[in-house]
Each structure stands twice: as C-alpha cells, then as structure tokens.
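The structure appears below as structure tokens.
Each chain carries a letter (A, B, C, D and E) given by its place in the written order, and its residues are counted from 1.
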Amino acid sequence: MIANIVRIWGKYWMIFLEGLWNTFWIALVAIAVGTIFGTLIALVRMSKRKGISSIAAIYIEIIRGTPMLLQFYLFWLGLPYLFPTISNLACALVALCVNSSAYVAETIRAGIQAVDPGQREAALSLGLTESNIMKKVILPQAVKNILPALGNEFVVMIKETALASVFFVGELMTAFKTVQSNTFLALEPLIIVGLIYLFITLTLSNIMKVFERRMKAND
Amino acid sequence: GCGSKAAEAPAADSNNAAASSTATAEPANLLEKIQADGKLQVICEPYFAPYEFIDSSLSGQEQYKGADMELARYIANDLGVELEIIPLEWTAVLTGISTGKYQMAISGMGYTEERAEAMTLSDSYNDIESFHGFVIKKENLETFPTLESLYGKRIAFQKGSLQEMYTNAQIQDVQGQPFDSVQNAILALQSGKVDAVAVSYDNGELFVDANEDLAMAEPLFEDTKDKTVVAVPKGETELITEINRIIADVRSQGLYVKWWDEATEQAKALDE
Amino acid sequence: MTDQALIQLVDLHKYFGDLEVLKGINETIKEKEVISIIGPSGCGKSTLLRCMNLLETPTQGQVLFEGVNILDKKVDPTLHRRKMGMVFQHFNVFPHLNVMENITLAPILNKIMTKAEAEEKAKGLLDRVGLGDKVYEYPRKLSGGQKQRLAIVRAMAMDPKVLLFDEPTSALDPEMVKGVLEVIKSLAITGMTTVIVTHEMGFAREVSDRVWFMYDGVIAEKGTPDAVFNHTQNPRAIEFLSQVL
Amino acid sequence: MIANIVRIWGKYWMIFLEGLWNTFWIALVAIAVGTIFGTLIALVRMSKRKGISSIAAIYIEIIRGTPMLLQFYLFWLGLPYLFPTISNLACALVALCVNSSAYVAETIRAGIQAVDPGQREAALSLGLTESNIMKKVILPQAVKNILPALGNEFVVMIKETALASVFFVGELMTAFKTVQSNTFLALEPLIIVGLIYLFITLTLSNIMKVFERRMKAND
Amino acid sequence: MTDQALIQLVDLHKYFGDLEVLKGINETIKEKEVISIIGPSGCGKSTLLRCMNLLETPTQGQVLFEGVNILDKKVDPTLHRRKMGMVFQHFNVFPHLNVMENITLAPILNKIMTKAEAEEKAKGLLDRVGLGDKVYEYPRKLSGGQKQRLAIVRAMAMDPKVLLFDEPTSALDPEMVKGVLEVIKSLAITGMTTVIVTHEMGFAREVSDRVWFMYDGVIAEKGTPDAVFNHTQNPRAIEFLSQVL
C-alpha cells in the first residue's frame, strides 16, 4: 500500500497540488466575500427595526438550517435561470460565499455582543453618535473576538469545498476522484488527499494560534 | 423503500456471516464463497435507465428495475443464491470492483482496456447494437450536424464512463465536463451550462422522450465496438467462467432483448 | 453652590418589566451642588443616576435639565449627554486607545475642539490628576486607580456641566481608593456640580452638600451630612448606617 | 413550479418521510454514540499524562482537520478489511459516530474548562479526591454548558448525514436523488427536501432554546 | 493561644515562571493564634496562604504542619487539606447543591461522618451563623454575605485545625461586611486557629493576635496590632497604612 501511495504521488502529484491550490483559493474567496456580506448581514441583523432585522435572521436560519450539499445543488440548479452561461465552478463559489456569509454574520454578531456593554455606555455618556460608537469603540474591540473565529470559518470552508467535488470543480476531492478513476485505486489517493487536507488545516490553525497568542500578549 | 432495506441489511449480513463460518473450510475463490454464503452482492449506479433504475413506487430489492437488474436476478437464480443489489455512485462502482470490495458489478459497464487491466470482465451480454451519441437542445439540431461541429464545445459526460473516453478521443479541443450521473449532466444541458451530453443512445432517448426541449444530435461517435460486460474482481476466473456460461445461455434465449424492451417501457412510464 | 436649579426630577418612575425600581423621585440639584447618594444594594441608586443622562429611559415623570424636559421627543439624547460626564464603577476606559486618545476621542469626534485644543486640554487635566507621565500608555499598563482617574479626565474633557459618579471606588484595591477620592474632592471643591453614588461614608460626609439615602426606590431620607449621618430618625437609615459605618 | 412541488409531494411523500426518519435516527445514533466516546476521549485528552493526552489530541485533530466526505469514503473503503460483510449504511454510521465523537470531545472539554476554577479549588481545599471533584463538583456544573452544545452538534449531524447519500443510505438527500431520477425534475424535489431539513433543524433549535431558558431560570 | 507551633514556614519561596512572588518567608503560627496578613495588591498574600494548603506548590523551602513537612512526597495533599479549612474571596460555594449539600458533601464523601452526623453538625453551624432558615435553599437565592457565611460553615464542617481566609469580605456589598466579620470573630474568639488576609484594618486591629505586613514577597513588618498600626517605623508600611486607614 505504501508503495502504491508513493507511486501514485510520483505520477499524479501535479493533480493533487492543483487540487490543493484550487481548494485554497476557492475557500479564500468564499471567506473573503462571506466576510464582506456577513458584516452587512450582521449589522442588518442587529438593527433595531424588527422588520429588516428579522429578514436577516430568516436568511441566516435558512442557510444554517440546511446542508451545504443541498445548497450546492440549489445554486447549481437555480443560478442558470438568472445567468444562463454560468459555470459549475461559479455556482459552487456562489454557494460557498452565501453559506459563509451566514455563518460569518453570526460570528460577527457574537463578536460584537461580546464587547463589554460598559464600553457602549461609556461612549454614549460621552455623547458619541451611534455610528461613531460602532466605528470607533465597538468594532475595533470586536475584531479581537472575530478574527480567530474567522480563521476557524476559513478552515471550515476548506473542508466544505470538498462537497463541490460533486460538480468536479477541480479541488482536492475532485483530484481524488480523477486519480481514482485513472488508477482504479481508492484508498491510496484518498490517504494522500487526507494528508493534504490535514496539512493545510493544521497549518492554518497553528498560524491562528500564534496570531491569537500575539493578540493576547497585547492585552 | 430503500431506507428500510438499508436498515435491515446489517442484520441480514451478520446472519449470513454466522452461517458461512459454520460451513466447510475457507472458500478457495469468490465463486465458492458466493455459493457457500448463498448470497450474491451486485453493485450498480441506479440512475441509468433502461439498464438500471429505481422505481420509487416499490420498496426494498423490488425497486431496482432495468434490464441489468433482470440479468442479475437471472444470474443469482442460476447460481441458486440470494441476490442483494447495492446502489452506489459511478466512481464508487468502478473502485468497488477494482479494489475487491464488492463481488460483482452489473451497471451498463462498457469494455475498455483499462478496465480489463483493473478487473476481470465477462463476455458482452448486450445483444442490442448500441450506439453512443449526444443529447442536445432541440433548437441546436441545425447547429450540430456533424462530429466536427462539436469540436471545441462544452460536452458533458459521466465521470469514468465510456462516453468520457470517446469524447476525449474523438472531439478535438473539447471542453469536457464530468458529472457524477447522466442525470446531472442533462440538467446542466438544460440550464445551458454545456452544449451537449455524451450518452449511450438508448439512455439518451429516454431523456429526450421526457423533455420536450431536448433532442438526439445527428452525429454519433465512430468505431464504438461497444461491449457491455459484467465486472468481478481481478483474477476471479472461476466466477467469470460461470458468468460467461450464464450469459451465453441468456443470449441464446434472446432474454436480454426482451428485458430491455420491457425496461424501456417501464422507464418511460415512471412518473405517470 | 448657587440657587440655580440644574437638574429637577419630577415624579420619576422606572420599571424593568413588572419590577418598579424607582417609585416616584422628586428632587432638585442646584448648580455647583455636591450630592451623595447612599443606600443598600439594589435600592435603585444606579438606575436613578442613569436616568439623568438617559442611559435608562424613565417610565414616567420628567427630568428637567436647565429647565428643559430631556424626555421630550425634541431633545436629542446625544446632545444632552455631552453636557453630563459620567464615571462608572468599572472605569470603562477604552482598552484599544491610549490615554490621550481615550480623552480626546469624544471632543474631536463631537467637533467640540480641534485635535490640538483637545490634546492641550487633556495634558492639563492629566497633570492635575497625577497622570502627566502616562499620556501615551495603554490602559492595560495602568492600575485600577489610574484607570479611574483617566475615566474622570475623559469625562471632564467634554467640559460637562455636571459629573455623575456611580460607585467610582468600589472596584478598586483599597490602597487606590484614596487617590481617586482626592481627585473627585478637588473637582467638587472647585465648583463642579457632582452627583456621586458611593459607599465611602467618610468621603460623603466630608464633601457633600447634601446626602440622599435611598431605600427601595425612593429617597427615604435626605439632608446635610450631619443630619443624615448623626441625627436621622428613619429606621431604615439607622439600620443601614449601623452596618456600614 | 409550485404545482409541480404539490404534485411531487402528493405522489412521493412516503419517500420523503422515510428519508426524514432515516436522517433523524442516523443523526441520533451518531450523536448518542459520539457522546459516549466523546466523553471518554475528552477525559483522556485532559489527562495529566502527556503521552496519552496527545494521542487523544491527535485523534481529534485528524478528525476535525479533514472533510466529513473524505471520512465517509475512508470508512467505506477501510472498514470492510476488518468486517468483510459490513453494509454501506453501517460504514456511514461508523464514520458519523467517529466524526461526532471528536467534535463532542472538544465540546465536553470546553464545557468542563468553562466551570469556574474556584469550584475546583474549593473542592480541593475540602480534601475531596480528584475523582470525587470531577464527579460531584465539576461534571454536574459542566453539563449546563455541554447540553446546549450537544444539541447544536445534533443539528450539525443532521446536516452531515446528507453526505452519506453518496452511499445511498436512504436519508433525505438520497430521497431527493431518487425522486429526481423518477420525475426528471430537480429543483422541485430539492426544495421539498430543503424545507424538510429546515423544519427539523428549526424545530430542534427551538426545543433547545426553550430548554436553555429553563436551565437559565434555574440559575 | 498556646505555645504549640501549628504551622511553620521555613525559607519559603515561590516562583511563577521567572517571577519570584514569595522571597523567603520564615514564620511560625501557633495553635489558637489569629494572624492577619495585610499589604498592597500583588505582594503575594494569596500565594502565601495557598502555599499553606498546597493549592500552590512552593518552589523552595518547607511548610511544617504539626511538625511534618507537607511537601514531603509521602504526605498526601488531600489528607493534609482536610485539616485546613479555606474561605475564598468569591465564596466558591457549589451552585448546583443546596446549602445542606454544600456543607455535608465533603464530610460524607471523605467518610469522616455519616450523613446523619454531618447534617446534625451542619444544622448546628448554620444556626450559629444565622442561616438556620436557609437549610434547603440553593446558593442563587442567597445574598453575598449569606454565601460567604455558608462557605465558612462548609469549611468548619470538616472540623479543621486552622481556617484560612483570603479577603473574605472584599467581594461583598458594604452592608454585608459586618455580618461576615462577626462570624469570623466569633470563631476566632472560641479558639479556632485563623489566618486571614484582609483589607479591613479595623477588624484586623480588633481580633488579631499578630499582624503581618507583606511587601513584595516578604513579611516586611510584623507584631501586635498596636505595634504594626501605631508604631511601625517601616516606610512601606507607613505609606500603605496612610492609604487605607
């Protein structure tokens, strides 16, 4: 088996590395776009106007209440009605962005709510406006709570991209399927792909740990 | 339905395991093991009418319909064993046999050199002269009159299928688009994500019948000396010899043609 | 102390859900007056203070500031709050800003002063409270007492007409208390109108013009420090004072 | 489209309900088994002996660092070497149990560590033994932190079962594929399945909310 | 107070990483003695107390309890701790157990008493501290002062030879302080060996046999209350006392 793994790596390493690269950038785009929209959704969610706040709440509930795989199918089937020439990859990307935006929105909301309410009260008592309080007092402090959670969400996205392999978007799990159908071997390419996933997720969480420790040291 | 069947499966398995362990010595090969267990496991990708499909109005093993499934039942009957059909996605079907995880695949599998390398394949059981072509949008019938007109186009196929091989070999500059099932490839065609779906002709016709916006394209793949085969794990010559004997029997009676026609009718009637 | 009324509380009630926390407060605070509010935990001291600058919205009654009812829809709470400084039990300094930024944030954002003016003023105030050498420190490097002095300077930087203190020393280590009380005293002496909720009875006795004893949502006893601490007849006040003196 | 949805529901509701039932019990088994093993793993993880503690840590990292889909394939391919007659459903179940055990272990560890350290110190100062401290002081309080997180994990498992549809285990996503192949319609059965997922996840999280509120009221 | 040494601290040092928190403590506590430890925040008072019942392990030196070095590998810390009660600043009562269960948990689990005996004893102690009507309440229904009295009873229920208090009143609302101090005083008077870290100088003066003033990891001054509070020459002690008195 180890011989097989070595042989397969020797022959197909290009495919795996390409898969790694695709997994990485797809997840990165998803988390970046998700963060932008997630911030907006979080602000809408925390709005005092019940109506628009509950629209955001419903959006978040729907996304978080259904499996990612279902969302992939939904966007893959539904988006072409709007954009007839859209590619599979684009559909998968949109699905991931939408998904991460809902999770990030909750992350951001939690981060903001974790800021000591006394900070808001102090800012109010100084006569700051609501928008200044958010921009100058709450958000700068919330970032410390949010960044580690975003890092986590990135790791989650890296794992979720695997589901996009149903549509052969060329990430790591697609690489596995390609090598599998070429070699008629399954366990060996799967182990290779698993090790690559571990490599990338562990690297990321270690970077995050270092980063968090630095931030704590600044407290 | 399929769920309750799946739920019962483990219990059935353990009973069989117990039974076989009390039987005689270790079976020497897969054929003996099947006979000793009194049970044959056949895997297929079940969304490939009329070869194999699921009739959701039935449940348990009954729901697996199609010409291949009749063949599987015939084989099990002939061997005097019980049959268990196990549905899987297509790439899993291929590796399920090549890794020896399962005993037998009957899943409209075409003969290729690579597959013959990785598994032991039977003689062809499909008497119907089968062709491979393209499902396209009806409005594009004029646009794709020849194979050449498809060069450079976006063509969908099932990952690991014969059509993938033909597409890559015969369509120059193709933008190949693999899918898990023909089902999804057709959906991609309908939503305009691809220009054509490479299919086996008979399978394609079912989609064309069910969808008014689709049509079979004029051109067909060339040189498709296509043999549909049963696959068993590499080296199981005793088993394949038995299968070949049964296939010869089926061919001589013209049974597969009959199953095929029945299955085609059933598949068309599925959602009525 | 002048005779000009700065804050008038008229029949002030506050409910949290079904819980009535303020049960009708009618009091007047004059310019340059120093008021200490004492009373047992949970009697509504903080709530009363917070109603004055609208951190809580009273359920019923009026709060007049310079004769204007600040509960009026036409009054912008933000503008009102700029006239009142507030100092909290847990300091609530901004941890992500250094000392100078903590102080100048509001004057600059509120466009009351230019950055240069604000920093000038901040330096003066910091010197006055003994933090002249901490101008560019971050709060994490300050002791509790230093943080509270920073919070006082931050409130002062807006040139408020009144300072509200909510137990400013009860989260401090004992050896820090004196320094903070001295700063508050120096402000009170120089004529800053001051309302302070405190458990430091000695301090209340020394600096207050008047003491309010709150009990169960009402001002149960009030008067000069001498009257409240030494001559009250109110049994609740007598019991409370016997516990804390 | 709505007409189609109604028609499909009218004809295939049995299949969907069966899918719902399968999704539910598979997730329930996964979370139950995952809780038992997760507790053990958490205790090993918190052990003072570095060696065995890091074995648990590595186990947790591997499971949490790779996609669920990959784990499904891995158990599907690997388990038959040990149990030749194991069914696909059993493989999928094992994968889910293993997966949830790792996540539950971290949940339990977090719940235990969230108990005020003063509780442990007080118990120590009374001369209680380590095992009594855990059993009588820490765990009873940690349960309050852990139960809501377990509820969450149950919802996650319900969504993860969707991936097992690759092996046709008969849960909701398999139901979708079956109806799709019978009707040649995709969006409509997908929407039905999506609504069922929403129904079950929202029901569960509302039950959890009520439950948490009750527990808080007891504080 | 007898002349029998109960606890002896011999050249006690404690490091947290590179930080030396205890810098050589040599003291003796006699049976029935009441010792108050005072000193500024961070000087090591809690650490010293915690070293006595091994909540912290000293880095160097010896702690002799009844003549036995408890740092010896042969001494079981669990058994040692049963002879010492400890009361914490934040009470650390068990929130999931009612008052009775809080008290009887340790005596029963440690097999010191039967359930009946433990409950009998608990009832007596609860009556003594004025909690006789709270036997089956849960801690969430108790005030801070009541929780702290419960914590004291819980420690007493193990029949300890010494009680350690770490700022037992500094997390309390001011009107709760007196009640708790009175309980501690009544224990001290009836001959319980007591070590108390406190900021209540009046209390320390009143009940202590001896006062230790800690500064920067050492006992910088010690003596009778009168000697320490009124006649110390130590400049650190003078400065500290000027802040807190």
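One rule holds in what follows: contacts are C-beta pairs under 8 Å (C-beta built on N, C-alpha and C of every residue); 3 or more make two chains touch, one makes a residue touch a chain.
All values reported here derive from a predicted model rather than from experimental measurement.
The chains that touch subunit D as well as subunit E do not exist here; no chain meets both. Comparing mean CA positions across the assembly, the chain most remote from subunit D is C. For the interfaces A-B and A-C, the C-beta contact count is higher for A-C.
Of all chains, the one whose CA centroid is most distant from that of subunit E is B.
Centre-to-centre, using mean CA coordinates, subunit B is 35 Å away from subunit D. Measuring from the averaged C-alpha position of subunit A to that of subunit C gives a distance of 46 Å. For the pair subunit B and subunit C, the distance between C-alpha centroids works out to 81 Å. Each of residues 77, 186-187 in subunit A touches at least two other chains. For subunit B, the set of residues touching two or more other chains reads 95, 99, 187.
Within subunit E, contacts with two or more other chains are made by no residue at all.
Chain pairs that touch one another: A-B, A-C, A-D, B-D, C-E, D-E. Every residue of subunit D that touches subunit A in the complex is listed here, in rising order: 61-62, 64-70, 73-74, 77-78, 155, 159-160, 162-163, 165, 173, 176, 186-187, 190-191, 193-194, 197-198, 201-202, 205.
Those residues of subunit C that touch subunit E in the complex are listed here as 40-41, 170, 173-179, 199, 240, 243-244.
Put simply, subunit B touches subunit A in their complex at residues 91, 94-95, 98-99, 114-115, 117-119, 159-160, 177-180, 184, 187-188, 191-193.
Of all residues in subunit D, those touching subunit E in their complex are 116, 118-119, 121-129, 132, 136-137, 140-141, 218-219. Residues 12, 14-15, 18-19, 21-22, 76-77, 80, 84-90, 166-171, 174-175, 177-184, 186 of subunit D are the ones that touch subunit B when the two sit in their complex.
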